[in-house]
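The data blocks that follow each hold one structure.
In what follows, chain A forms one complex with chain B and a second complex with chain C.
Entry: the complex of A and B
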């Protein structure tokens, strides 16, 4: 199977700090790839390379097998790569539809085409089987943490995206809401998207991931099918970079 | 019924909308009408509009800046500078009125661009930038009128703005166009939603809204069309003051921009969460600079109205209480000082509250001192309502 996104030999330094060293990483369509690693292992930097926020210093970026240049978030978005950051980046004072289309509003002439946006937002949420929100015209400030996460994810898949990167989507959630979001993550992959899930929580990782990529001190320690490793082996990869 | 329930729920959640301003307006008007019946005479009501016009227009501009969570303390003296530019061009250079008006508004736009640049690109807090501008523009007005006592404005078109009235027939026509236009806009929007199978406003509610506006406009035009001259044989004085359609046009235009265009949406987004707006690809700097430009341009319009009403420009045009009344108007109307929440209508409603207090207390014979104190207390009250409703909204968000 061809990966949607494939990074080869990525290096990234910030001044004297060598954060990523010859990292290889692939994400496949229809699969959840969990990206794990301890604090400072380089997970966020790798994601920012994928999303074009910090272009890599050297290495290859292949999208559907073709080498591409990704130097800005716009480049990434144009390819169909969307990133949902941990702090979600939603505007509390806007409603769900307004947030989902922020910066990419549909217009008819000079005027916002509210009806078409509302319809598309409703369809997208329905396709993700989201039924927890009462009205999609409700302000984001009135939503729970899980609902906000759902809106942020729906925003990312609205654009026919092919890759969705989720940065710690369950970090601030309760038990029931975590389950809901993980279910949503699984559905995204089942619908054919390549999902990259960053997480610290091994239970979450084993609940949804098809593949696990472990970073250790800026190197890719292993990228293996989730079924081939045990919980403790992954913890070993994270803490020592190798498993026995 | 579900719409009524939704509305009550929003009220309880801290989203008070126009309710405090409208309720305050009703209470104030009733109180003044009882204490001083002359308050309700057509002559005084017409007076109210021309008294409050300049402040309401400046407040409309401030809404744009307040939406971003910024402030423009110099808007009052910006209006003074622009009015002085207008007066100097008219009186000293014999320029036609449209050239003077364009120059005044152009001056406003340039001032706004500079203020916006200093805030957005250099990163000086808007409070400091506009406080400096507040002081400097006070001096610029003095320099423009060469320290003289005042420059009188005699250009008939400019004077007509705040001193003349529409013919009664034209008043009715404009009111009918406005009410009809609103009804058609409501109907078109509802039709396009129904076609897409989206929930739309029930017909009764739309009829009530359109009918309510028609009634309000009809009553206002009727009262303003009554003869209000003390001696009809000398001069007839009736009709809607010309500033009223000017304010109405700015209100419609501003509301359209904020509520129906991507630019307006981006203003709210930057005010709500600038980082989220930036990640969504919105140029935050450009939005900020443009908001200051709009604010100063509207301040220029306010300055022109003030010059028209006073028949002159002096060192105090746009000074003393103008800025605080304008900020007060926006906040009393329901625009948040914390950014992200506000409408152009707020400026008009709040401007009406400020004008009614000013006018009514004047009729009751209170001194300027008492008026300032009361207006200050009302502003504090409005800011308190704003802060408390934010707390409530935050609380409701955690449910």
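Entry: the complex of A and C
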């Protein structure tokens, strides 16, 4: 199977700090790839390289097998790579539809095409089997943590994206909402997207991941199928960069 | 010697196949049906005309049309008129519904009761009452295509006798016969985990899989097995009682009379008791336990880890035995799996055969809490889909 996104030999330094060293990473369609690692291992930097926020110093970025140049978030979005950050980047004072189309509104002549945006937002939420939201014209400030996460994820898949990166989507959620978000993550991948999940929670990782990529001090310690490792082996990879 | 199927048999088969496609996919264009069934367009036209004349489907012009040529008619199930009665009897609730062709729940009633034994007579009275209420509001042209019921217990396939419902307190209960008498309509009865497996296989998370293992958790553990696209029933219909596999010979006594059954390790009472909580707290109790574990309660964490480990232990054995493409965790096992997946996966990855484990998918249900009810509806539709134009419908 061909990866949708493949990074080869990525290096990234901030001044004297060498954050990523010859990192290889692949994300496959229809699969959840969990990206795990201790604080400071380079997870966020790797994600920012994927999303074009920090272009890599050296290395190759392949999208569907073709080498591409990704220098800005716009380049990444144009390829179909969307990133949902931990803070979700939603505007509390806007409703769900306005948030989903923020900065990329549909227009008809000089006015906003509210009807088409509303329809597309509703279709997207329905395609994700989201039933918890009462009205899509609700202000985001009135939503629960899990619902916000859902809206942020729906916003990412609205744009025919091929890769969705989720940074700690279950952090700060209650048990019931965590379960719903995990099921949503799984559905995204089952619908054909390549999903990258950053998480510190091993249960979340094993509940949905097909592959686990472990970073250790800026190097990729291993990228292995979830069916081939145990919990303790992954913890070893995270804490020592190798497993027995 | 037979010369092969007759014209009539072929036509009956094609009618059933077409109706099944529309039942599962919802509104479908004639062009799509032509591709799906590999028949020519005029045959599809003749089949849809017959089904439409019987009032089972409707044909309409598509709402939006793109591309060149005359738009293909869209065939939709007559969900509002063609229905089945579906019933579900579980340890904590009794549910009845009218489900339209296409799997749409048109009307639904339920009675929640405390977990524990429940007299069959009471259940029958409740279900009969629900059925009468639902029939009262029917449009005059409605067509009842059958009735089905899902019961958590050992159900004999031919007559719906519940041989044992350990958590309902039922023994040799002629449930199918009595419900049939009450409704004046034959009722097909099945085990609720079997029918849940059927529902997820028909239109849920496992719709693309021919080999599925569905595991349901509440007080006991139910298991439904789809093998080669068919429900595995065994000689009389009692197959798949994975909850009563003995996993721990030195384990606790089980409601079935044995000891150390899988459900004594991963059933909700086992989890709650191991964490020092009241064992009858039900699904809400399990949620509270998982919540406590996520907040650092070490007793709750220990209980959950042990349950995850035993869950992986049993699944590993079942996977080695049955080689499914997918295992679906429902009921309390959904919550337990999502909260202890590291243990489940760890045990599964150590114990199962690599060839069976590598392609295996672990999932949670897509159809929600009414899964057995929807499965009972699918069971009830079987007769109509096998022979759509048979008399009586």
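As a working rule, the second predicted complex is superposed on the first by the 244 of 244 C-alpha atoms of A that agree within 3 Å, B and C clash if a C-alpha of one lies under 4 Å from a C-alpha of the other, contacts with A are read in each partner's own complex, and residues count from 1 in each chain.
In the analysis below, a residue touches a chain if its C-beta (ideal position, glycine included) is under 8 Å from a C-beta of that chain, and two chains touch if they have at least 3 such contacts.
The structure displayed is predicted, hence computed values, not measured ones.
When the two complexes are overlaid on their common chain A, residue A:115 makes contact with chain B while staying clear of chain C.
In the superposed model, A:183 makes contact with chain C only, not with chain B. When the shared chain is aligned, chain B comes close enough to touch A:94, but chain C does not.
Residue contacts after overlaying the shared chain place A:232 against chain C, while chain B stays out of touching range. Of the two partner chains, chain B is the only one that A:142 touches; chain C does not reach it.
Once the two complexes are overlaid on the shared chain, A:203 sits against chain C while remaining clear of chain B. In the superposition on chain A, A:71 makes contact with neither chain B nor chain C.
Residue contacts after overlaying the shared chain place A:134 against neither chain B nor chain C. Only residues 205, 287, 290-291, 294, 334-335, 337-346, 349-350, 357-358, 360, 362-364, 366 of chain C touch chain A when the two sit together in their complex.
Of all the residues in chain B, the ones that touch chain A in their complex are 13, 15, 192-193, 195-198, 260-262, 265-266, 268-269, 271-273, 275-277, 279-282, 340-341, 393-394, 396-397, 399. Those residues of chain A lying in contact with chain C across their complex are 129, 174-176, 178-179, 182-183, 186-187, 190, 202-208, 225-232.
By the touch criterion stated above, chain A contacts chain B in their complex at residues 73-74, 77, 85, 87-94, 98, 102-105, 107, 110-112, 115-116, 118-119, 122, 139, 141-144.
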